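When the chains are written out, they are named A, B, C, D and E in that same order, and each has its own residue count from 1.
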Amino acid sequence: MLIGKVVGTVVATQKDEKLANLRFMVVRQVTVDGKDTGNYVIAVDAVGSGVGEIVLYATGSSARQTVLTDKRPCDAVIMAIVDTWEVDGEVRYQKE
Amino acid sequence: MLIGKVVGTVVATQKDEKLANLRFMVVRQVTVDGKDTGNYVIAVDAVGSGVGEIVLYATGSSARQTVLTDKRPCDAVIMAIVDTWEVDGEVRYQKE
Amino acid sequence: MLIGKVVGTVVATQKDEKLANLRFMVVRQVTVDGKDTGNYVIAVDAVGSGVGEIVLYATGSSARQTVLTDKRPCDAVIMAIVDTWEVDGEVRYQKE
Amino acid sequence: MLIGKVVGTVVATQKDEKLANLRFMVVRQVTVDGKDTGNYVIAVDAVGSGVGEIVLYATGSSARQTVLTDKRPCDAVIMAIVDTWEVDGEVRYQKE
Amino acid sequence: MLIGKVVGTVVATQKDEKLANLRFMVVRQVTVDGKDTGNYVIAVDAVGSGVGEIVLYATGSSARQTVLTDKRPCDAVIMAIVDTWEVDGEVRYQKE
């Protein structure tokens, strides 16, 4: 999994039928120091996340292992909202 | 998923039999600011997209989860046509 | 999928038994402008391709979806020989 | 698999139900010379590893092949704690 | 698949039970010109390879398709020992 920040949303009405009722979020990958990387992914939200939140996202076939995304053509999913992480004994992020 | 722009097509008559009747599109990845990246992929069209359109595409095993691509040797699929997306509260793209 | 040029072959007699009778080709990835990238992959040939030909290849689990490669430890397959492709309305490659 | 060093932990209470009771570790990839690369991944711990340990981690669908991670939306798993490795006939790492 | 050179071994006694009796090899990726790239992977040996040999390795779910690695949390496997390869009509490598 990678750590990301939800920064936006994508709307697409014309899509594969298996994608009905899924929310597509724009997620920027962040480093373990909390800095933005240049990388982004469009991920399906499986946990009720919102813009501005720090999340974990999984990619590849693992993105289809949530109840919501099972057997859907989805290769990235937000599967957790991060409360806190620490590295080298220091808290690097704490949800407000 | 990633955001891409359909910029062309590939024709291949000599191919694995499971690939019959699939349309191969040249898709350039774009950034969330709508700029071209140097990356491209050849993706199967599962949603009736055309050259010039902004789309979402999935890669890997998830590319075989549309009805059209099930069990085919296809590792990238266009599974949605984008209407609009916004980042940091601003609309970055709006389909005309 | 990506576009590649078949530039060579690999011979390996000592291999997993499931790999018997497969042909391993050296494939260089090319850009949509037809230029060589620095990337290569060793792919199984599923369509009777030969050195010098421009092909499409799929990677990952999708590489096991041809009849030839089903359930084999193969992560890249040549699944089509390209006749032509066009980008931005211009033909970029035409098979001779 | 890649070699990594466990450098931290991530806590996430709001997550997909299939992720209950899994420990998320921050793992930095190291080179075969034992140097940190800039890359990190958040991996599920399947072997009782702790911060500071050198481990092997697997990614993609293989990350779901441990008993602990079976059918869960997890794309990286720590599946071994490294005792030692050697390269070019020299021991590069020895667990204390 | 990619071409690699087996340069070392990894020993790990504390590991997922499914990994018992597998040999972990340090494999450096080489270019088609036989030069070392900076990339390495830890791969399971499925063909009796040894340090110094030039091999083919597969990654991702395909790494679980050998009899040895079936359903194990392994994302890279050595599935062939290379005898020779040629590129652009020239032999680039010949096993001694």
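One rule holds in what follows: contacts are C-beta pairs under 8 Å (C-beta built on N, C-alpha and C of every residue); 3 or more make two chains touch, one makes a residue touch a chain.
Remember, predicted model here, so these are calculated numbers, not experimental data.
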item	value
Contact-graph separation of chain A and chain D, given in steps at minimum	1
Partner chains shared by chain B and chain E (touch criterion as defined above)	C
Copies chain A and chain B touch via same or different residues, half shared test	different
Rotation in the CA alignment of chain C with chain E, degrees, nearest 5	70
Between chain A and chain C, centroid-to-centroid distance (C-alpha), Å	33
Interchain centroid distance [CA atoms averaged], chain B/chain C, Å	20
Interface hub residues of chain D, defined as touching at least two other chains	60-61, 63-64
Chain contact graph, described as a line, ring, star, complete graph or other shape	ring
Round-the-ring chain order [start: chain A; next: chain D]	A, D, E, C, B
Residue ranges of chain B touching chain C (in the complex, touch as defined)	7-19, 24, 26, 28, 40-43, 51, 60-61, 63-64, 71-76
Chain D to chain E touching residues, read off their complex	1-3, 31-32, 46-48, 56, 58-67, 69, 77, 79-89, 92
